[in-house]
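We just call them A, B and C in the order they show up, numbering each chain from 1.
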Amino acid sequence: MGGIKGRLALVGLVILLFLLPSVLPRFYTYIIALIFVTALLAMSLNITVGYGGMFQFHHGVFYGVSAYTVALIITKTKLPAWVAFCAGPVAAAIAGLLIGGFCVRLTQLYFGMLQISLGSLLWAIVFRWYSLTGGDDGIHGIPMPDILSSLKNAYYFILIVLIVCLYLLYRIVNSPFGRTLQAIRDNPGRCEAVGVNVRRHQLAAIVIATFFAGVAGVLFVVLEGSVFPDLLFWVLSLEVFIMCLLGGWFTFAGPIVGAAIIVSLRTFVGMYTEYWTLILGAILILLIFFLPEGVMGFLMEKFAPRLKAHVVEERSRAQG
Amino acid sequence: MSVDLASVLTQLLVGLSRSMILFIVSAGMSFILGVLRVPNVAHGSLYMIGAFSAFSVYNYFGGGSTGFWLALLLAPFLVALVGFVAERALFCHLYQREHLMLLLFTFALMLILGDLVKIVWGPEYSSIMPPGGLKGSISIFGSAFPKYNLFLLVVGPLVAVFLWLFTNRTKVGKICRAAAVDREMVGALGINVSWIFAAAFVLGCYLAGIAGALVAPTVSITLGMDHDIIIEAFLIVTIGGLGNMWGALVGSLIFGITQALGVLFWPQFAIVFPYAAVVIVLLLRPRGLLKSVW
Amino acid sequence: MKHGGRGFGLASLIFIGALLVAFVSGALAGGKEIKVGIIDCYSGPPAVYAKDALNGFKLALKEINKKGVLGRKIVFTTRDTKFKVDIGLSMAKELVMREGVDVLVGTISSGVALAVSDFARKEKVPFIVWISKSERITGELGHRYVFCTSENTAMAGKAMAVGLSKKPYTKYWIAGDDYEYGHAIARAAWRNLQKMKPGVKKIGESWWKVGEPDLIPYLTAIMAAKPDAVIFCTGGKSMANILKAIKATGMAKKVAICIHTATDHAVLKALGPEAPEGVMGTMDYHFYFPETPENKAFVKAFKAAYGEPPGFPAFHGWNTAHFIAKAFEKAGTVNTEKFIDALEGLRIMSPVGEIEMRACDHQVVEPMFLGVTKKSPKYNFLIASDIVTLPGPEIMPSCEEIMALRAKAKK
């Protein structure tokens, strides 16, 4: 198993990440921090998509709700920033509970389209409530507490929060709750028959996922100091979906890989051509045709075929 | 703000004419959704290509009235062609795969088409004019009402009739309806389901093209048209009942009228009116107002 | 799943790899050049303006680079903001942090301009705004590192009020794009109009999303309220749409309409015969007025280079290039703080006469023109007729007012 070698690699990686800001130019520190934030968002989505098998098509809404909550609390009230940081994920989870509550009554495509509808309503409100949210202009120059105001410190803060969240997510996914969720994904009928309350489980998964999306939203504000209505727009949600798929939605680290690839490509391709959207579309097509299991799936075939076969076998047994 | 009945009626008519465009787009999307069971995320892009193609055809034939009518005639075929190529070259190979892959393919198509339009037509916006007879406005209920919008009010029902005839009176149409309900049975009867899907997809694209060509004289033909319309089409199809074309009509009427009235009574939040209507419908009938085809 | 650890290893390898590739391919710092980073909207309707501004800038650079500035050439690179604030900000970040530009220039959306201005202040990079017009840019949210070579809403609002106060209209409706610029011009126009003609009444307001394609329902709703006059506060993205909708509903014949930049050539040219007649507009540049030798020379050179006459963005772009060049020359070195000191109070000769970059707020002082759209026998697009000129110093808010606004905003 991953075991000792895996853990050493992990520790080595973490140390490397902590050293990076001291050696890299500021722009790259910024991009890596952005990757961290996006990776957390993608990981949170995967709780519902990869582990829960749900068509969470508008995950971005929760990310945006949290970011705006933080922005509004800091700019419109005299409350300290730390209150805002805690309020963000809570607001996201509440939105997740409300929207998810309606969506779990349905399945598959209906679930997805209902979520897009409800999410778009939230987007429309944020987008048009100019006096509160600044509408299309967004909110800028959001002041951060002094410790976080430099790029380097923001990077460290984001990295630490990311590591903590990843650890929590790992524990959740491997807990009895997580296993039940995967069982529901593979065969909801059988679970229902064994007495599992499928709806409640799925709703719980949504609330957890949206809570962590909310944390990602807080980190976004820390890094950028701004919020925009596009955070709640459906295109971003679909992009995050692509990140999960690109990375490999059935592995734990898959979404991180997906997020890293998409953010890096978007930044660097954007410097040489204005047709980034075309390239993203082409990547997605290639993915669908040649790499449906994502990058991680492909790599696992090459380097850990036994592990992959084990995972695949487990799933097909469950699906019966 | 004090409004009189005349203004409300005028505004209703304006909303109705907008509903016609929404209906044509949503009907196309609903049709594809019904037969292929996939929401075509690229539908907005096809609509946009319809508008841009109309512009090109219009200019090719020297503008004016001939330009307009020829554009209205030819642009939808161009869009249908684009759809056909995309479907046969790539899409049809995915029919055996998971549902999600089909949806993602349409999303990828949207991304690619969006930039293709930019490459072919450039980033700036274009504009075409309504034909001679339809320029300007006439007085209805004492207010100015653009003649072209009146034209839209006539074309909308015509398209609806054409669609009804197609799905109920032609062989292909009836098979499409059958395939929407039970594709395995249709396949068992020896009909090539893949070609049926192609037909349905191409028809959907054709409708998107008509809508694009029709809307072209009233708006700036610009990049970003796809994003604007696709979310509205999604919502309309969801509240109408997935795959149900009459549901698309009902949804479009609700959407267009609530938005126009919203503009009259609360312009800043006009967009929230149709969204709120959508939410109310979905809370009461989560599967849409009319029965879904499946 | 137990393979989490190895997953992380693979994941890290991939993105370190991606970063290295990008790092290696990154831009090498320019040697002996002055780098200007331009962020603007090159997609959709605003692209007409952005292209015009870039052309004006390039035309000026051709001349300037013949001699060079302090022995160096001025080079530029552009980035597309797509009229979106988040994209504009990330482009600005990339230009400053990766490309290391000496000066940031742009943009058209006032929303983007404000966000980037905030960023420029933090990074201490000079940002010259050349099309965005919100008065907040150099007003209450102004600071040392932002300059504006465009007329702003305070100036336009005053000019509009001067024109409208002479007319008999009392019932006004105000409508426009729901973003920074729309609200800024609305506030400025109304505040000045009220001062100059206390009897005016605002009977309603409507705001639509930026770039709203279907404006007809909004216009029919406004006409239903029967105002005497309407002030439309539309920016780069909606200008073409609003003019088209006005023509389609025949609104200009029923209600008086005033729009800032309605008489601008860049948009009237694109619309051709579709543009409505009889719309009042304020503007800071027309290629056919005033007929000074500088303007004639500018128009001639522009036409020769780009095949058509310049609009106001080109005018601003040309001025910006000259401001940058002259400021560096005066500073004597490529140093940001000295550049800023030199730019304050600098005067250059523009196509409409001498203009000054006011030291107290970094706002350019230039004249405004009022006109009405009208068909012209000479051209196949509309032009402004009955032009009235308002000299710069008359329409600018005073330095004291600006400083007071900034102080209030900081609290």
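By our rule, contacts are C-beta pairs under 8 Å (C-beta built on N, C-alpha and C of every residue); 3 or more make two chains touch, one makes a residue touch a chain.
Fair warning: this is a prediction, and the values are worked out from it, not measured in the lab.
K.L.:
What pair of chains is linked by the most C-beta contacts?
P.N.:
Result of the pairwise contact count: A-C comes out on top.
K.L.:
Taking CA centroids for every chain, report which one is farthest away from chain B.
P.N.:
So the chain farthest away from chain B turns out to be C.
K.L.:
Using mean CA coordinates as chain centres, what's the chain A-chain B distance in Å?
P.N.:
That pair's centroid distance is 32 Å.
K.L.:
What's the distance between the Cα centroids of chain B and chain C, rounded to whole Å?
P.N.:
Measuring from centre to centre gives 36 Å for this pair.
K.L.:
Of all residues in chain B, which are in touch with two or more distinct other chains?
P.N.:
In chain B, residues 118, 268, 271 touch at least two other chains, as defined above.
K.L.:
Please list all residues of chain C that touch 2 or more other chains.
P.N.:
Each of 42, 80, 178, 207, 209 in chain C touches at least two other chains.
K.L.:
Taking each residue of chain A in turn, which ones touch at least two of the other chains?
P.N.:
127-128, 130, 274 - these are the residues of chain A that touch more than one other chain.
K.L.:
Can you name the residues of chain B that touch chain A in the complex?
P.N.:
Interface residues on chain B, with respect to chain A: 37, 39, 41, 90, 93-94, 97, 99-101, 104-105, 107-112, 114-116, 118-119, 227, 231, 234-235, 237-239, 242, 268-269, 271-272, 275-276, 278-279, 282-283, 286-287.
K.L.:
Help me check something: in the complex, which residues belonging to chain B touch chain C?
P.N.:
On the chain B side, the touching residues are 1, 3-4, 6-7, 10-11, 14-15, 18, 118, 123-125, 127, 129-130, 135-137, 143-146, 148-149, 218-220, 222-225, 228, 259-260, 263-264, 267-268, 270-271.
K.L.:
Mind listing the chain A positions that touch chain C in their complex?
P.N.:
Against chain C, the touching part of chain A is residues 1-3, 5-7, 9-10, 13, 16, 25-28, 30-32, 35, 127-128, 130, 135-138, 140-141, 170, 173-174, 224, 226, 228, 230, 247, 251-254, 256-257, 260-261, 264-265, 267-268, 270-271, 274, 295-296, 299-300, 303-304, 307, 311.
K.L.:
Residue numbers of chain C touching chain A in their complex, please.
P.N.:
Per the touch definition, chain C meets chain A at residues 1-12, 14-16, 18-19, 21-23, 25, 27, 42, 80, 84-86, 89, 93-94, 97-98, 110-111, 114-115, 118, 178-180, 183, 207, 209-210.
K.L.:
Which residues of chain C touch chain B in their complex?
P.N.:
Going through chain C, the ones touching chain B are 42-45, 47-48, 51, 80, 175, 178, 203-209, 211, 213-214, 216-218, 220-221, 223-225, 240-241, 244, 248-251, 254, 270-271, 274.
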